[in-house]
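Next up: the structures, one after another.
Next come two complexes built around subunit A: one with subunit B, the other with subunit C.
Up next, the complex of A and B:
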């Protein structure tokens, strides 16, 4: 898994959830973070899109099960 | 404007010292993030929103079920956000031949809320509908009454007309905001598809500011004054160097048109009651020349309430403007093309709004439009006379500067006061003064127009209304006194208040002379006054002491004056 992407994701997660303890590991999923609901999810997505200057489809946004899949989705777009 | 992240931070901080306002948010799409952004914006603008957010899509039930959570919450403001996407749904669900009634149906719903006694005293803030052009009829939709765009526009015009008829309705112009930001920014299809949210993340702050600005204006927080720099702000170039023929203005030279249009905008603000002032580093005569002579100037000297052109700092000059206008810095906007001047003013004058104008003057206007600086809750004819009043005040301050001695200045003003009882002509103004005066007000008793009529008819009550004018102009009715007999020897001062416009003119001394005169003529021996402290009337805490009253030992808030030993106080005011 691309370390750079995970590090950048960690920053974005900390920013959106306003929580300095979060580390974006591949296994991390919505069940692990109390505030991770559909509305914070969309804020994550928009922040990611801005960070990498990419755009996800609505289907992609809704299908990710964990941070690993998210990071893979980013890697595919910026490849 | 803060972004969503900054707004969320604000909410997490402690703000219990700020006033609370009860706001309900009702929508037919996901509004949680909008609610969050609105709470943050309110704190940014100086108050807390205590928010009730209905589960979504309960709009009708919340309004019409008398036992609903909305009724129990007792909101001061209800923000109603019916999304254009739900309008599209309704439009689709109707048989084509009925679609021409869609807008009227929605308007009837709003009107039924406005007529519902349950919501008396509560303001309904209704978002209007940003257009979606579904192109089902193409441009031909403009002549098909049942088309989506036809109904959307009818609905938006209908809301404007309702707001004109119902004082309790305000409209938040999302349609105008979308025209400004563009639909691409306002709406994100992927966000909508995955969350049922019809606003993009980036649209949340601007929409929230629009909504909260309406509430803030209703609460009396709005901009009253626009202070303008001259060179490269109101015209292109430097008048001192380029001269009258060299500055860019109007159709002739360079980008003159840009500055003409900015001036047109300033002029419209002035025409609706915003006070325009000039603060410029220039020689005064040189700076005023275009206002007098330049054929393409839209603004003339008559439009400017206070004109300061000199070589002092802008900070000092803006403070001088504040002294003359006697309004808070937080109600002032300062326009200047120079980033350095802007930074200094922002740093030294807390509360003032200083737009970070774009470098290219061609972009000034669009940028200013996007800030929506001048939200207001009313537009009345009285507002329009304001420029003249402040021009007069500026002349007084200018005259005062030429005197070392306060008394000589007062004499030179040639002041004249008229004293009347309450009558049908002055009743509205008397009531308004008792409602609005907070600072120079000894007991802060509020009277309605009906109350004032009753006071006027009561033979025992002594009611006095004072008007003041001087060589520069007429202040109108500026002081009110109500006295009632306590017993056959003593008059009690029920009300004594004065407009802050005429502080330090000796008007209170003139007023007391008048009160004593009447007390004497009606055979009273004493006048008793009382000071009831409020958070705002500290300026009159020593009022009675300074006028020679003696504090009552038994009741320290009360003060007594022996009419027989009273010596008429000196004033520079002549009685008419």
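Up next, the complex of A and C:
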């Protein structure tokens, strides 16, 4: 997994969830983070798209089940 | 056959004995075939005329799931998307035809008549299949989940048909997701004693809340809608304030029975309620109430909408919430009251979206006395009142009757002592239900004894079971149909 992407995701997560303890690891999922609900998920997507200047389809977003899949989606777009 | 009836008990006993008989238990196919047969018999006893529809829809969606996967394997993404859309449209068409055709036809004719056109709509009196709102959602989610690559299609038709028709949940849910339920059908089930005992306890609690609380409260809340003005306003107010508890005792009671019955067979089905009246705002309430429906609609309606409008900021969220809640309202049936109910809740969400309280709430922490903190308690009370107003809209037979009810509330008789005429045990049952909501908030159901004297002493546990059984025998109300069976 691209370390750089995970580090950037950690920063985005901390900003969106307002929680400095969060570390974006590939296995992390919504069930592990109390603040991660459907609304903050959308905020996350918007922040990710803005950060990397990319655009995901609804299907790509709905497919993600954890941070690893999210990071892989980002890696595929910026490759 | 009501799930809390003696005939169901006899039916279920036969199902369990055969399901765990050595010759059936030997492999999962035999067990699934038996479950499928039992489920179709159960469904047929409710309405045998709808069995072909259930079977036909199951066959069609099984084929659609396989076809979507085949197209994805051949990287024909657009064709797979089109087929998934077709599956969703088919499911919605099924619902529209059986539940809403008369309603929309009548409404359209009324609208045209109001515009001066001479149009008439002959009511078709279409027979609504039992549980159609529940099994249709399962059918749709199966194909959509395959398209989202969250599940693999099952190659075993018996497994799929058993998932759709699973008798404990086909009438009124919970609406199980294929990703969680299908894997359970893939393995052979031997009798899991701790799970089965927990299931029996959950059934006991469900029967108690349904028969001793909901059915008794129905005496008060059911009668007032005939002619609201005939009743003192104070009685109308108490009926409106108690209906949320009746509805909860009825529907959560049913869900407890369905989940408990499934546990006896070795299945874990979706949780449907998480102490909804401990919610401190309406958004939290919807995360705790009828969770299998709200999470379904959140995943398949709210999320795609909100994702497509993600750059509109909060307005995108508000539009998605509005659509989401109106869909939830209309899912309950063909009546404008359900649409207004959804709209009412959507309007309550707007301040929450703007204030940032829409998201998850912090955990409930008790005060030093073990009770809810004052501020939390006030928020719970306020949310309960807002929900009660919403349920007033929900239970009204029509918008004009709702208006009559509200007008009848504002009369001098509001300040009189209401003649309730409820059996005394109703109040005891209500007090038990409310106390358990708070004290057992970290458990799946109140009879899961994790600590305290009941966890330590078998005599205390059995004392509680016997007390509940005696209450059911002596203090049950007149048997009422489950409120959610009509949906």
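Please note the rule applied: the second predicted complex is superposed on the first by the 79 of 79 C-alpha atoms of A that agree within 3 Å, B and C clash if a C-alpha of one lies under 4 Å from a C-alpha of the other, contacts with A are read in each partner's own complex, and residues count from 1 in each chain.
Heads up, the rule we're going with is that contacts are C-beta pairs under 8 Å (C-beta built on N, C-alpha and C of every residue); 3 or more make two chains touch, one makes a residue touch a chain.
Treat the numbers as computed from the prediction; the structure is a model and nothing was measured.
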Contacts for A:61 in the overlay, against subunit B (first) and subunit C (second): which applies, first, second, both or neither?
both
Once chain A of both complexes is superposed, is A:72 in touch with subunit B (first), subunit C (second), both, or neither?
neither
Touching A:15 in the superposition: subunit B (first), subunit C (second), both, neither?
first
According to the stated criteria, A:35 is in contact with first (subunit B), second (subunit C), both, or neither; which is it?
second
Check whether A:46 is in contact with subunit B, with subunit C, with both or with neither, and answer first, second, both or neither.
both
Is A:25 touching anything from subunit B or subunit C once the two structures are fitted on A? First, second, both or neither.
neither
Note: overlapping subunit A surface for subunit B and subunit C spans 38-39, 41-42, 45-46, 58, 61-62
Quick check on the complex: what are the subunit B residues that touch subunit A?
4-5, 8-9, 12, 30, 32-33, 188-191, 193-195, 197, 200-202
Flag every residue of subunit A that touches subunit B in the complex, lowest number first.
15-16, 18, 38-39, 41-43, 45-46, 55-58, 61-62
Quick one: in the complex, what on subunit A touches subunit C?
34-42, 45-46, 58-59, 61-63, 65
Provide the residue numbers of subunit C that touch subunit A in the complex, in ascending order.
81, 147-150, 298, 302-304, 306-308, 310-311, 316-317, 353, 358-360, 363
